[in-house]
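The same subunit A turns up in both complexes below, where it pairs with subunit B and then with subunit C.
Up next, the complex of A and B:
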């Protein structure tokens, strides 16, 4: 059947709209990507001449190197701790009935409501009052609090979708509760755990507001280092950092995808 | 009254049963899932728990397996008290409806799981896995993953996994409901063969009455948390003791009737003006008054209208079924206004034909109007 002209108009306007929306979503990155190759020392757009020198600058600038190492450390340790605690809490919330379940759930979810700067400020005051050193562990603590709700949710959802018949089958075959956990529950929950951990690591890696309160020169994270840099210089180095940043996260996701198939990890299957 | 027909009272003891359930009951947050049940399952017996969903059959199965803890009562396996024993020490094999094969393990690893938990030596494990695969005719599938198998093959693996540990009791939780019809029949025959060859005590949960009738040594018909009747398949099908059992197992034609007189098992009835004398098989008969008369379609036959001793009816619809036709009849005396008879397809009467329904002198039963028993 031949399409009416009006159908063609709808068809094409739909496609154009879709392209525009996708373009709009991608626009910030496209602009930054182009700007990172600008030879000029001012963040102007579009560039008139091209260069890689800002990429070199990223690796030469000490604060960025240090910040990157700090950020990776904090994200790694923080995500691991949040995953351990969050998975435990999610398991308890999913499997047991108890009096203060809704209270526990509320406390675990509360960082979603409390702004990041409040959490940062709170720990800053606390550490000052207790005269704790402003070490990297303070930053880790802040990050754990911030990412915990996301980890709990993520693991909780995979536990909800988990078929308890697997555990019952294993039990009937003579497996002790510990053995069931180690050979059945954990391996089958692995995608959910990886997704929770990954989510936590990326959130922690991106975190800026709360970190700003609790870092010092030594412990500053990459986003804080970037913020400090932009207050002093206005050259395209930051654009180069952004590109490297996006590339790194993409590589991590790619590796996870190769290992676990991302659809499964992100629970979108 | 024989103990067969009194499932809710404790029967007398003789040899050690494979499974003994003594007054076990279970409620979930105030809702009764299972009223106190007494039941003994003989060694090597194939016992079916049959009933609609929510009747408590799965609850009873989970109690035997140990996945649920009984509120009251005691449970014995081979004479040993297991009420407090956790599932992993009960030595019970289970096949679930969705098979619950471990997706991250191969077929061989699935089957070997129960042997590894028992620390069976490697060589023996390999032998027993091979034997189990041969038993369910899946040689050559050892290295496959569960998702690479068809439904029937998955079920065989689940069966092999449950049997390889030489369980004291095999529990089957609706294992055929995910299979299509042809495969289902084939698997039923195969399972029944394996079960009787190994002399396995088996508890089978199903809502499918034809499965129950074809496979069981005994059937326990359940509804609303109680065992309504327990007996051999012919006991259940030919001599149902209640309205519920008559209706749930097989087809039932139900009529409104008045019980005039009873002498022993002989009863005088008035069915919509037709006077009938029947010899019933029941242990307990209702008091004279309004009752429900039950007869299987195959016990009755259709006659010309107006024959003495027949219940008048009119043909509403004939449904062709190949070898036979289902004749649906409008009948004033019927409980729901309709009854059904099967006749050879060539003899199906026209719609609107007035006919009579003739009942046999023995075979039918009468129940209290409420439809309840005991």
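Up next, the complex of A and C:
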């Protein structure tokens, strides 16, 4: 069928609109990329001379290194705990009826709507009232609460698409519930568990607002260290950090996309 | 053999976490009802003073700012996010689809700090936009984006866009395309098909996206703090300031509590809206 001229206009305006929107999405990252190579400590466009010195500064600045170590620790421990608790909860949520099920679900999902600053403030007050120290475990607790709903949702979706016949077959052949769980259920759920855990780790690594309320000098995470840097210095070191950050995340996403297809992980197929 | 194996083992960690969440919520409620003792971090006796203090103009202003930020951010995010989600779901070439998907979703996995800092470089007085416009001779004096509502909204739209695109794309991808084909085969043009079939069917998705945009914007802290620079004071920045500059945690708690109730009220309102719409539609 031949397209009417009007359809051509429609196609082209769609393409232009899409390009403009994608340009808006990428603009800050392109600009920060250029700014990170600006030799001068003062921002100017286009940069008058170029250098790599801000990248060197990133690796020399102690707070970033400490922040990175803390963030990796917190994201690793937090995502693991959230995965254990979240997968277990998704399982009972999907399979069983029990008392207070909807209350429990409501409370655990509430961090999706409760602002992060409220969660941070709440745990800060709670730990002060219980005279607990502001240790790294307090930060981990905050992160587990914030990422748990995402883990539960991810594993729950996998359980909904789950073929229970394999479990029934194993059971009828005499396998114990533990054996069914270990040899059938868990292996089949692996993609959901991996993507849930990865999602949790990335979210935890990025979390800033709630962390700001509960960290101290010793336990500050990378995003908090970055925030403190902007408040103290105006040089492009943070631009260099941002470029490294964006590159890392893009590579991880590309790998996830190749392995699992992002459309599927995010349920937008 | 138990008919519900592992129930206790699997549920107990999450029950523990649920108690933690409930306890921290109660801690906020309890602090909001206690007096502030200047110079001390321990709260004083029971009082309702914190809530009467919230009637002061500065807090009312912060609520107004929060509402305006949420409103404008939701509108612009939707206007930009809908075409993007549409293109993502409907793009014919798989590589174009992947490109749109990766470009629009990568920001979702970058923290608020990276994104806000990048916008500071774009929007600052010596930033990218002002430098470019000056060199093109379009302006003489810098446009003011930093410390203004406009600047904060631009960065918040960028911050909220990825999650809104995810929600809209999920809604659009679940629309039965046969309905669109039916409209086209009956002679409707592409615009007419979109306006009378696709758009109405995606309304529940749009409302869900608005709810999420609202919750994200209301919860955002780094963006209004860094780009607003104290000139655009919203609830999150004020809670932090009251807590960590004046160490008045009881007042910070009451402000958070009112903010939370406000959030829940708006979300409940949007939720009822969806239910009514779904009743209207021929689902």
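Quick note on the criterion: the second predicted complex is superposed on the first by the 240 of 269 C-alpha atoms of A that agree within 3 Å, B and C clash if a C-alpha of one lies under 4 Å from a C-alpha of the other, contacts with A are read in each partner's own complex, and residues count from 1 in each chain.
In this text, contacts are C-beta pairs under 8 Å (C-beta built on N, C-alpha and C of every residue); 3 or more make two chains touch, one makes a residue touch a chain.
None of these values were measured; they are calculated from a predicted model.
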Query raised in the report: When the two structures are laid over each other on subunit A, do subunit B and subunit C clash or fit?
Result: fit
Query raised in the report: What is the contact status of A:98 with respect to subunit B (first) and subunit C (second): first, second, both, or neither?
Result: second
Query raised in the report: Thinking of the overlay built on chain A, is A:182 touched by subunit B (first), by subunit C (second), by both, or by neither?
Result: neither
Query - Contacts of A:108 with subunit B and subunit C, given as first, second, both or neither - result: second
Query raised in the report: Between subunit B and subunit C, which makes contact with more of the residues in subunit A?
Result: C
Query raised in the report: Where does A:255 make contact in the superposed view: on subunit B (first), on subunit C (second), on both, or on neither?
Result: neither
Requested in this report: Classify the contacts of A:119 with the two partner chains as first (subunit B alone), second (subunit C alone), both, or neither.
Outcome: second
Report task. Applying the touch criterion given at the start, work out whether A:168 contacts subunit B, subunit C, both or neither, answering first, second, both or neither. Result -> first
Requested in this report: For the combined overlay, can you note the least CA distance between subunit B and subunit C, rounded to whole Å?
Outcome: 8
Report summary line: Both subunit B and subunit C touch subunit A at residues 177
Report summary line: In the complex, the residues of subunit C that touch subunit A are 1, 4-7, 9-11, 13-18, 20-25, 27-28, 30-31, 41, 80, 83-84, 87-89, 97-98, 100-107, 109-115, 117-122, 124, 126-128, 131-132, 158, 161, 166, 169-170, 173, 190-191, 215, 218-222, 226, 235-236, 239-240, 243, 249, 252-253, 256, 259-260, 263-264, 267
Query raised in the report: So in the complex, which bits of subunit A are touching subunit C?
Result: 7, 10, 14, 17-18, 21-22, 24-29, 31-32, 34-35, 42-46, 81, 84-86, 88-89, 91-92, 95-96, 98, 104, 107-108, 110-119, 121-123, 125-126, 128-129, 141, 144-145, 148, 177-178, 181, 202, 205-209, 212-213, 223, 226-227, 230, 238-239, 241-242, 245-246, 249-250, 252-254, 257, 262-263, 266-269
**Report entry** Partner subunit A, residues of subunit B touching it in the complex
**Finding:** 65-67, 86-94, 96, 98, 100, 102-104, 113-114, 117-118, 161-162, 165, 171
Report task. Under the touch definition given earlier, write down the residues of subunit A that touch subunit B in their complex. Result -> 163, 165-166, 168-177, 179-180, 183-184, 187-188
